[in-house]
Each structure stands twice: as structure tokens, then as C-alpha cells.
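Chain naming follows the written order as A, B, C, D and E, and within any one chain the residues start at number 1.
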């Protein structure tokens, strides 16, 4: 596998990610959502490079497909206007960038200075659906079941929150 | 040490007046006459017991000390020991003093019944009087320093109560306060001295101390002078020596019997008594200081007395001056002479005060001598007794004061000539101002309405005058001096009456004294026999105004106190208000609250701020943990 | 059960009992409060009478398991050091309930809190377990704050409440840190909050110097704040000036002694090195109390502020005695504690009475009261005199012993303290008498305390002052025996006791 | 060019994470903020998958499944909440959500 | 799999589902009474937990993910009691919710089950899922009064910030997983010696702790607490303040002292600083506060700081003190929230409490005791809790003076806190009742709740033995 593929997808992922956060041309939430979808898709490509085939599919289906559609749907439903530019607080933004920069710097340094297994061993396991699935139902059965509870709670919550009868 | 209650008599003498005071305070205060009776009976009982005790002890006069532990804090393991007893030390000194206090006291109690009749707080007066007697007797009997200090303070407070007896009058209340506080300043030195003595000698008992000092004369080491002077401070306060003399004249605001009892006969004598009691503690240096202090007080007070117009103030300054004599005697190594003078002074000065009281009583509380005059005819008993007192005080030969004053002058003549001459001048002044008083008040012309209508006081007041007059007449020759000088273990009055009477005339100093008397009398007669107002201020304006104004001591002290205590108090108060409770306490409080309000501004309610602060906090944590 | 338990439980039980009484049964509430404190006073008197002063160790001891796993047990007992405090405390509590008849609003709550205060502090003094000691004190402390806030007087009462709350809590917590540290300094097998055991341990072992250096200042300043050690004193006059009478009596009289008691009982014996090192500093600070607060008292125009400042000044003598680290001095400090308890309670009771009658506490607006109030006036004079160290009142032996004790440590400072005791104290007390009682002002509408019932509290407190003033051995004989080992431990090997040996 | 190692993925992941964080900080529309949060979660996912691959261990991938599911549920609830809020306030801007402050 | 291990959790979930089901057949008016069912069921489950033998060795199940031990049991009981109180408060609160009271119960029960799982977590994955279960349920609970703008606003804030913290948590878990290759606490503990020097691991653990600091409302993620506490419905605030915070501590204790005791000992400085800053922040900000619930939000931050004292001591006594303090905090907060829920119907501004003493002495007394206990004054639970916490901190102080400074900061914090706690008491006792004050409705369950919590405070303050022993037993499964 050529490193270039990685670099291309990584660059695209980061670029689209950056455009989600700060698009110089548009502050429309829809644009952000669209770039988020792109980010997710490029990331799915990176997953593929990492042999996580099942996850890459899930990423595209669930994230790009379901979650993001929900976002776009809500944005459309609410018919949100773009953020007004004039309100941006430079000081706030500057400080935000500064502290984010510190965090990024610290994290990258920490990662670079640490001893991690960095050589790519020949894959013994593939992130296939069956492999992940069997783990899910054996070792991770308890959190998995808990997830169902979480979804139940979310369901109740969404129903309650969207009920019309406001008081 | 013997058991305290083994011997009932001293206990009886001491506690009878206290009992009277307590009973009156608690039960009979409302009933003035009953209170008076209780009080008088108590002191007469005490006097009787005192005479009995005196007679029973005449046979063997070695000091006897019996006591109970009052406060004992000691530990063998720690090597600390503070034993304070409550005891009775019976020796010549205390027996004599006991007689004076109870005897003169009895007279004054009786006199008071007449003098204070009709006062709203008749009962309270006698309670205070009895309480004072108790305190004074406590000093007399004390066998150790701290006990003495305790009663010393009690005397102070009872004099406070008596001076301020008419507390509605601002002047009286102020005078009481002043007397108390001035005494306290003296006590300050006294207490430090006591602590000092204890820390050096380990005991406070007089007999023990004397024994320690006898066996080891350098026991006090280099501190001897300091200790001596500190102890002397007590006497300076109580006996109103310079520079703490200012309270005594003001104390004349109290009822006159009080002035007689406290400020003439007993309380002010306590200082001299104490000095005699602990004479063994003083070294040369401190004795010199004592002598000069006494001498200076004597002359200063005598000079001031010359220009006073208030009958009681004249007597008060006279008292100061005589106390100076006594202190000087102690300083001249002659405590017996001091005690002798103390005893005779008690007789005649009490007499004079009571006489003055009688006058004041008759004139409805008029005290200015220039508004009296010609009282001789209207108040003959008062006049004659007063005259006897004056003569005794002035050292008229063969009267009591003559002998006691003479023994002091003789002592000065022997050891310190400057002080001797000073003493003679004082004697001259004494005669001068006393006869000024006699001439203006009793002789001459009547100078006011009141003095025209004056009449003699009742017998209950004149009776004590007569008794005291007798004592003032013969006090010098009954052997007091011999009694005080502890030469013998039992009293053997070796001298005959005539020996005693004639003894002074063998010494040169005596003639100086008589000379001073004659000159003083003559000068006084010349100036005041016919005067309607004082001629001296016109003659010597500045000196006289200084004397009239008591050499500005009060003003000086007022200034001193304002500069020191008031200023310090003001500073402390300001510091307390502005620095400690202001800056520090309120500051800390304010800063905390300010920080709270400032920090709270972070809580803008805006998600953006929150997430930024989250990030900042995380950045900080990462920086600290990973990058540093 | 030990009578000690009953002494402090009775007021607490009564407090609980009053909770159950309907609020309009005012008379019943007051009777319950009176009965409870009277019983505990009588018990304490009988205990005092049967106490054997010469015997070392604790008497009337009682120990029960409480929270053994935490090293806490219920342990009460008295020796010479605290028996006087308990007697004083119980008397003051009764007197405080007596004078509280002037409280007319929310009596129920008032008595609940007052009884909690009384019971709590009596328990604290009876406790021989550090935890209970602190716990019960804190229990007594908190009602103070509320009472000042609710029933206080003067326009500054809110500020006073806050200041006293924050200040005293800071002190108490600092002391708590120190007490916990003491506990933790014990080696694992010996960890206990039992005071006798702790002291016994340090009799044979020496606490590490490094630990002493941390713990001693914590205890000193923690307790010091509670006792209004200069310069942490500003809460006291202000707080007392605003507090209702009963509260001020119990707090100034009894509660405040907690810190001193703790210092003597615990800090000195177990941390001798630091005690020696700090002694001169404590002495200097005590002069701050005696002289500085004396001066401040001279300037006060408000009676309660004056009394408050003088009360602070008196605490200086206790500190002076403690700083001497000598048997005489600490005995003196212990006597001062008892004496000042009676005295402070008495003076606050009096100022409460005067305030009630005249409606003011401004000294300038009083004057001439003695004529209309012969009884109260006489008691006031006596109290003021006791306040400036007059012999015959209990303060005198205490102060004198403190001074005797401290002489060996610093002659100059002792001298200055004597000045404070005799002169400065005299100045403000006689000035107060002059301005309040003497003079010619007429007061047509005020009443003296004539009934026996109204006189009782004053009489009791005065009796306490006089009794221990005339017969100090009633206290000192016991105190001496209890203080001796403390001083022995505090002296360590250094044996720094100077003066007073033959 | 060096072979692509774990660090490369991690740097991408960290950068993406911080981009998301930046978005949370500087954007004012709640929905966009929410999207930025999804970006952060995705960054974590990327790291997990990379670790999973380089550690030769599927646990990381399972974790990603959980994260995606949780995120989905969260998004559902969150969006419902935002819609409910919008109905009341007609806004999704954070500046307008400061009724409670200080 | 060993289902017996999770019987209490299963029972709670079953109870939640049962309520959801019964809701369908219950008439609207009677739905509130489902609360009794929930409470009864919970009490039954609570009683059931005593069937477990504490002395038995910790039992691990579900692929090593779940560890039933003393600590877990302690926290489970704690959470159940908290939930009982929250549901009781909710029953009283029902009048102010448009509909869905039974869903409220059910969601509380689901959150409870999440907390109970969190109490026994032995794996980072389960920890994440359990935490998210709690979080997601609380998003809904916080915004439950969706007719009230404040509630919705609080919900959104809680949502965004919680998600943000979750992102950090997840990234941290990823890094830990990456550095070690495992997520199980037992395995991590074995791997710890090799991880000590690994910066990526440090970063991971740090991020995980930061994520947890959100739940416990400690620095640096403490800002949300006042806003959310103020906006959320009172029963939810109570549950959030007690349950959610305790869940955070349960996880923190497990991660620090089961997974990484070695590292925890090295990170004591971090914990000290966090604790100190949190205490000061919470207390200082609370001073000028007028809204009582908001005040409790700040107070909750301060209390998180106090609790961190015990964590930072890195010792068994410290951790047991944390548990004891939490227990006392539970009793105290229940009393406080019970009063708020009765009095603060119209407004939670402190002025609503003016003269409460005259309106209801019982409520005023309950509130006073609560404030006194929060302020840490005997004889109530708060005092003993703080006492134990300080004890554990000072114990370390002799080897590291920084702990003495921390204790000093804690003391200053307590003193500052007195200022505002007494402000509340003051308002109740010496301000007059507002003229328009409506009469207070005070239902029997609330009375019982208040009485019980007061008894609890007193019990924990006066008879500490039993509870203290329980905490000592509970922390035996932690390593130091």
C-alpha cells in the first residue's frame, strides 16, 4: 500500500473537518453538515486502510447515512439562518485557538514521545463483521446489552421531548 | 507557723469590722441608725480587743507569726514554690499600729454618727467605714508581702468608695477615681517589687525574709536597689509622696470624717508603716532616695499649704508634708522616729480634721477659710481642741508633735544636714500656715453670713475631739517611741515621765525646731491676725500663684497622661478600628467577596465561554502534566 | 453514670424537650430551662464539694465505647484543671437562663439554643476524648452565631454575626486540623483520641520536632483565635456587643475558655520543644491583649464594647501564665479562666440589665445610675473592681499567679503586664463607673433589681467571684496537682523554670 | 516516503479532535457545535481503529461500535432537545441561551 | 457469564420496564402513585443487597468487565437510596410536569441502573457505556420540564458540555487502549509498571480523569453545575447532585485505585491542585449567590473539592472518608432539596425563603440542619465527613507538606462556605415573610423524607461506627 493513499485521505479528512468548523465562505449549518458527511466518508476510507472493513461500512451507513441525515433534517426543519459574522468575538476566538493549539501541541508531543507499537505487523485479524460481531456478543455482551437500555432511554426521551403538549 | 485560729483575739479585731460591713451591706443598709450602731459597736469591740491583746502581749514581745495557707503553689519536682499565707504578725510595730487604727478609728466612727446624720446613705457610709477599718487592720497584721498587697488594694478601694461617697457630685467622683488610679500607679511598682523579691528570695514572709537577709546579706545582689525602690513605689502611692501626691488634696471631696480617718490617721500612714515593716530590705541607695523624696514632699506640700484657701486642703497639704517627714525619717535609718511621728500625727491630724469637720458642719459645708472667722466664741470646744491640734502639729514644746518631730529632726541632724535644714524650714512653714488657719478661721472678724450663725456641734462630735485632744497633748510622753524601738524583748519603760519630757532638750536640733515654731507663729500673726484676705499674693505674685496652683502638678500630669495614655489609647483604638478590624479583617472579608464576585463573572451562562474555559483548563492541565 | 454526664446531658435533654413543647407555653419552657440548668449547677456544686483536690489523676471518670474504630470513645472525667471550669460553667449557664427573662420573642428557639450552648460546652470541658472535646465545643459554638443574628442588638449585629462566625470557625477548624494532626502523630498501634492516653504516650515518647513545628502553631493560633488572642481579637468586642445577654454570658464566660483549656491540657505537655520556642512570642502577644486591648477599651464609648475589650484584655493574663510554662503561671492561667468566667458573665448580665432599663449602651448617655439602682450599681462597681484585679475577687489570685510565673521568663514584659493589670485596667474600669454610675443625671423611670429572683443570677456569679477570690486554694490545690505533670512535660529536659526556688 | 505508522494516524486523529474542539469553542450555533462534537468523537474512533490495528487487537473496533451507537442515541436526544428549545426560543444560538448566568 | 452478579441491576431495569408497561393501563390521575411502586421495589432491591456476603472475595464476571465487590455494593446501596429520595421528590413534583410522570420514574430507574453498573465497572468500555447511559438519561431528565425555558436551556448546556467531556473521555480511553492494548482494569493494573513512563498513556489517563471531572463537577469541568442545577427540575437536580456525582467518584476511585494505583500515587500533586482549586472556586463563587439551587450548584462544586481531598490522599482512609462524606452528603442534600421542592415552587430565589421559620418551623429547621451539615458543623453528618477527609489529608501531610496547605485551603473554604450557608439560615430566621406568600403544601411523603434525612444526618454525625466500618470494608477492594 502506498503511503500516498494515506496522505491523500488524511488530508481530505482534515480539510473537510476544518471546513465543518470554519468555512471561510459559508457559515450555513447545512454546509457544515455536508462537510461533516464528507469527513466521515473519508475517514471510512482511512478505516479501510486500517483493515476495519466492518467499521468503515458502519461509519458510512450509520454515521453518514443516519446520524448526519438527522442533522440535515433538523437543520432544514428549523430553517436556521447562517451565523452572523459580525458577532464573532476575536478575543474569544483567539484564546480558543490558543488553548486548542496548546492542547494539540501537548497531545501530539505526548503521542510522539511515547513508546507505542508502531510497526505494522501482518494482520492476523481482520475487522470483519463476523469477528467484531462475535466479540460483541461474547466478551462485550454486558455493555452491548446496556446499549440497548441506552437506546430505550433515548427513545423515551425523544418521544417525550418532541411531544407537542407544551405546558 | 501556728494555726490561724489558735489565737482568737487578732481574728476578732480584724474580722469584727468586716462582719459589720457585711451585715450592714446585706441586711441593715436601709436602717441607717442600726447600721451606725453596728459599725460603732464593731470598732469599739475591736478596740477593746486590741487593748486586751496589747496588754496580754506586753510581757513577751518577740514577734509572733501565725498563719494559714491562703494560696500555695509548689512542687518539689519542679523546684517551684509560691506559698502565700494569710497570717498575723504580732510585734511592736503591728501592735502599735493596731491600737492607732482601732483607737483613732473608734473616735472617728463615733464622730461620724453626728457628722453624717441625715445623709441619705447613712448605712452605706458606715459599711464603707467598717470595710476600710478591716482593710487597714489587714495591712497592719500582714505577715507577708502579698497579704499586705491584698489589703493594700482593699484599702485603696475602700478609700475610693469613701472619697466618692457623694458620687452625685462630679468632683467627688473624679477625686475618687484619681485617688484610686494614682494609688494604682504606686501599686504597680509595689507589685513588681514583690514579685522581684519572691523571685530572688523565694519567700514573701517578712520574718523569713529578714532571716534570709540576715544570714545572707547579699541575697538580693545587684537588684537590691531596684527592689527597694519598687517597694518604695507602693509607699509613694499610698502615702502620697512626690510625685504621686496629687490625689490626696483632691480626696478632700469625701466627707470630713473620711478625710480624718483615711487621709490623716491611717491609710496614708500605711506607706510609712510598710516602709518600717520591710526596712531590712532597703540598702543605702534606696534609703537615700526615700529620704530625699520624703524631704522634698514635705517642703513642697508645706509651701503649697501656705496658699490654700480650703480648710480641708490646707490640712491635706499639711498631711502630705508630715508624711514627707515620716518617710524622710525612714530614709534616715530611723523608722521608729517615723512611726512615732505617725502615731502622734494620727492623734493631732485626726483631731484637726474632725475639728475642721465640725466647722464645716456648723457652716453648712462651707470650706473656704475666707468665709469663716470669729468662730472661737461660737464653737469653743472646737476651737480649743483645734488649737491643741495645731500646737501639737507645729511642734509646740511638750505637746506630742514636738517630741515626734524632734526625733526626726534629730535623726536628720545626725546623718544628713541638708535634710535637717529642710526639715526646719518645713517646721516653720507648718507653724505659719496652721496659724494662718487659726487666725483666719477662729479669730479675726466674721467674714460671712454663715459664720455669724454658726454654733457648736453636738457632743457626739465634740466628744471625740476632746479625747483626741488629750492624746495630742500627751501622746509624746507616754512612751510610744520607746515602745517602737525594739531594744528589749519585753516592755520595760526604763525612762520616767520626766526623763521623756526633758529628753529632747539635750540636743541642739530641738532648738532649731522651737525657733522655727516661734518665727512661724510670729510671721503668721503679723500677716493674718487681722487680715480679711490673703496679703501674700500681692507681695510675691508669681511664687504665690505657683503655690496656689500647687506648682501646676495636676496640669503637668494631665498633660502627661494625655500625651501618653490617651494618645496611646487613641492610637490603639485607631489601629484597632482601621488596621486590624478595618484593613485586615474587613480587608480579608472584602477581598474574599470581591474574588467571589469576580470569579462569578466567568459564569456567563454562555456555552461558548464554558467550552472555552473547559479547553483552557484542559490546556493548563496538559501543560502542567505533560509539557513542564 | 458519672455526675459529669448528667451535668451536661441535662441541658441538652432539656433542649430536646423544649422542642416538643408548644411555643405558646412560654412559662413552661422557661421553667424547663431553669430546672435543667439549676440541676446541673447543683450537681456541679455537689461534685465540686466531693472532689478530692490533692489526688492526682481524674475523678468521676466514665468511659464508654463510642466509635472505637475511629479511636473515639465517650470519656469524661475531671481533675483540678477542669472541675472549676465545670462549676463555673454550670453556674453561668443557670445565671444566663435566669437573666434571659428579658427575651420576649421566639423564646422557644432561644432556650433551645441557649441550652445547647450550655450543655455543649459543659460536655466539652468534661470530655477526656479529643473528638468529643472538639465536637461538643462546636455544638456549643454554632448556636452563638444564630443567637447573635436573631436576638442580637445594635445596628452592627449582622456584621458582628458574620465576623464572629467566620472568625471562630476559622479558629475552630485550625484547631481541628491540629487535633487531627496530634492524633495522626501517634504511631499506628497507639492511635486514639483519648486525652489521658495521648498524654501518657508522650510522657515516654517525644513528638518529632518537625511535626511539632507544624502542629503547635496550628493549635496555638486555632485556640488563640477562639480565645481572642491578639491580634485575632476583633470579633470579641463586636460580637459580645451585639449578642443577647445570655449568649454573651455563656460565650464570653464559658465557651471562650475552651481554647485556653485545650492549650494547657494538650498542646503544652505533648509539644514541649515548640512550647518553649513559642513561649516568648505568646508572651508578647499576651501583652497585645493586656496593653493594646486595654488601651482600646479606654477609648470605647459603648459599654458592651468596653466590657468586650476588657474581657479580651483579661485573656492576656491567661496567655501570660501559659507562656510562663511554670507551675505558678499556668496555675494562675487556670484560675484566671474560672475567675474570668464568672466575671465576664456578671458584667454582661449587668450590661444587659442596664440596657434593658436605660435602653442604651452608650456610656455618654448614662450616668448617675447608682442612685436609682443601688443593688445593680453596687454589683456593677464590684464587677468593675473585680475587672481591674481587686483582691477578694477571683481574678486577683489568677492574675497575680500569672504574673509571678511569667516573671521568670521576661521581667520587662511582666512589668508591662503589671502596668496593664493595675493601671490601664483601673483607668477604664473607674472611668466606666464614673460615667455610668456616678454623676448627677436623673433617671425617673428605671427600676432596680429588687426581687430575689432577679437578684439571684447576680448574687450567684458574685458569690463565685468572692468565694474563689477569698479562698483560692479551693481551686489551686486541685489545679496545682493537675498542672504539675503538664509543666513537667512542657519543661522537657530543658527545665527552663526560673525564679521561685529557694 | 516513510511507511505509514501508527503515529501518522494518531496525528490525524489528534488534529481532527482539536479541530472539533475548536469548533465547539468558536461556533455559536448549537447544531454546528454538536456537529463539531461528532467530529471529536470521530477523531477518537480513528485513533481507536488505528490502535486496534497496530495492537493487533479487535477490542478497539468493538469500542468504536459502542461509540457510534452511543453517538447516534445522543444525537437523537440532543436534536430533539434542540428542536424543543427552538420551538420555545426560535433560536439555536448560544448567546441567546443565557437566561441562567452568574 | 454470571447473571447472579447483576441481579440488583437487572431488578432495577425490570422495575423500570414494569413501570413503563403499567403506565399504559394506569389512569392519568393515578400515575403519580406508580412512584410508590418504584420506591417499594427499590426498597425491596435494597433489602436484597444485604443478601450478598461482603466478606466474600470480589467476584468478577462478564469477561472481566464487571466486578462485584464491597465498593460496588456500597455504591449500589447509596444509589438506590438516592433514587428513592429522588423519586419521592418527583412524586411531590409531579404537579409541575405536564405529563410523563411515569416516564420520569422509569428514566430515573434507568439512570440508577447505569449508576449501579458504574459502581461495579472493571473495564473502560463498560465504564464508558455506563457513563453514557447516565448522561443520556440525564439529558432527558434535566430538560424534563420542557415547558420551562430554564429546564430546556439547562438541558442543552448539559448536553453539549457532557458530550464534550465524553469526547475527552473517549479519546483518553483510546489512548490508554493504544498504549496498553487492553481496557480491563485488572489487565491495566498488570500493565501499569510498563506504562508509567509512557506519555501517551499519561495523556490518556489524564483525559479520562478530565472526562470524569465533568461528572463530579470538579475543576476544570465544573462550570456547568450552577446553570444546570438551577434549570433542572428539583428532583432531577437532587439526583444529579447526589447520584451522578457519586457515580463519578465511584468510577474515579475504581480507575485510580484499582486500575492505576501506581500512577495515582505519583499524581498526588495533580489531585491536590484540582481539589484545592475546586474548593476555592465553588466557595468563592457561591458567596454572592441569590438563587438557592444555583447556590447549591456552587456548593456542589465545593463539595466535589472536599471529596477530592480524600481521593488526593491516595490512601485507604482517604477513600473511606470519601464514601463516608458521600453518605452524609446524601442525607444532607435530600433534606435540602426536600425543603426547596416544597418552598421553592414559585421561585428558588433565597428571598422565597424569607421568614420560612414563621411559615413552617419544621421546614426551616430541616433546611437549617441541612445547611449546618453542609457547613460541616457537629453534630451532623457533614462534620464527621469533613473530619475524616481532613484526617486522611493530614495523615499524608507529615510526609508531604503540600497536604497541609491543601488542608489549609479546605479550612478556608469551609469558613467561606459558612458565610453563604448562614446567609440562607439568616434569611429564614430573621427576615420577615413576604406579604404574598402562599400557604405551604407539605405532603406526608415529603414530611417522612425530610424527617428520615434529618435522622440520617444525625445518625451519621453521632453514631459513626456502623457506617464508618461499612466504608472501611468497602474500600478494601481498592489498592494503594
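By definition in this document, a residue touches a chain if its C-beta (ideal position, glycine included) is under 8 Å from a C-beta of that chain, and two chains touch if they have at least 3 such contacts.
None of these values were measured; they are calculated from a predicted model.
*Asks:* Which chains lie in contact with each of chain A and chain C?
*Replies:* In this structure, the chains that contact chain C and also chain A are B, E.
*Asks:* Give me the step distance from chain A to chain B, shortest route via touching chains only.
*Replies:* 1
*Asks:* Moving only between chains that touch, what is the shortest number of steps from chain B to chain C?
*Replies:* Graph distance in the chain contact network comes out at 1.
*Asks:* Relative to chain D, which chain's C-alpha centre is the most remote?
*Replies:* That would be chain B.
*Asks:* Chain with the smallest distance from its CA centroid to the overall CA centroid?
*Replies:* Chain nearest the centroid of all protein C-alpha atoms: C.
*Asks:* Need the CA-centroid distance for the pair chain D / chain E, whole Å please.
*Replies:* Each chain's C-alpha centroid was found; their separation is 26 Å.
*Asks:* Between chain B and chain D, what's the gap in Å when you average each chain's C-alpha atoms?
*Replies:* 95
*Asks:* For chain B versus chain E, what separation do you get between their C-alpha means, in angstrom?
*Replies:* Centre separation, chain B to chain E: 76 Å.
*Asks:* Where the centres are mean C-alpha positions, what is the separation of chain A from chain D, in Å?
*Replies:* So the centre of chain A lies 5 Å away from the centre of chain D.
*Asks:* Quick check on chain C: which residues sit in contact with 2+ other chains?
*Replies:* Within chain C, the residues that touch at least two other chains are 162, 166.
*Asks:* Which chain A residues sit where two or more other chains touch them?
*Replies:* Those would be 92, 96, 99-100, 103, 106-107, 109-111, 116-117, 139-140, 143, 147, 150, 153-154, 157, 161, 166.
*Asks:* Where in chain E do residues touch two or more other chains at once?
*Replies:* Residues 125, 128-129, 132, 136, 139-140, 143, 146, 156-157, 160, 164, 175, 178, 181, 199, 202-203, 226-227, 416, 419 of chain E each touch two or more of the other chains.
*Asks:* Which two-chain combinations qualify as touching?
*Replies:* Every pair of chains meeting the touch criterion: A-B, A-D, A-E, B-C, B-D, B-E, C-E, D-E.
*Asks:* List the residues on chain B that touch chain E in their complex, please.
*Replies:* Interface residues on chain B, with respect to chain E: 592-593, 595-597, 599-600, 602-603, 605, 607, 609-611, 613-614, 616-618, 620-622, 624-626.
*Asks:* Under the definition above, what is the set of chain C residues touching chain B in their complex?
*Replies:* Listed in rising order, the residues of chain C that touch chain B are 162-163, 166-167, 231, 233-235, 238, 292-293, 295-296, 298-300, 326-328, 331, 368, 370-371, 374, 378, 381, 385, 388, 390-392, 396-397, 400-401, 403-404, 407-408, 411, 414-415, 418-419, 421-424, 426-427, 430-431, 433-434, 437-440, 472-473, 476-477, 480, 484, 487-488, 491, 497-502.
*Asks:* Would you pull the chain D residues touching chain B in the complex into a rising list?
*Replies:* Residues 21, 24-26, 28, 30, 33, 94-95, 97-102.
*Asks:* Enumerate the contact residues on chain E facing chain D in the complex.
*Replies:* It comes out as residues 125, 128-129, 132, 135-136, 139-140, 143, 146, 149-150, 152-157, 159-160, 163-164, 166-167, 170-171, 173-175, 177-178, 181-183, 226-227, 230-231, 294.
*Asks:* Over in the complex, which chain E residues touch chain B? Could you list them?
*Replies:* 156-157, 160-161, 164-165, 168, 199, 202-203, 206, 210, 219-221, 223-224, 226-227, 267, 270, 273, 281, 283-289, 416, 419
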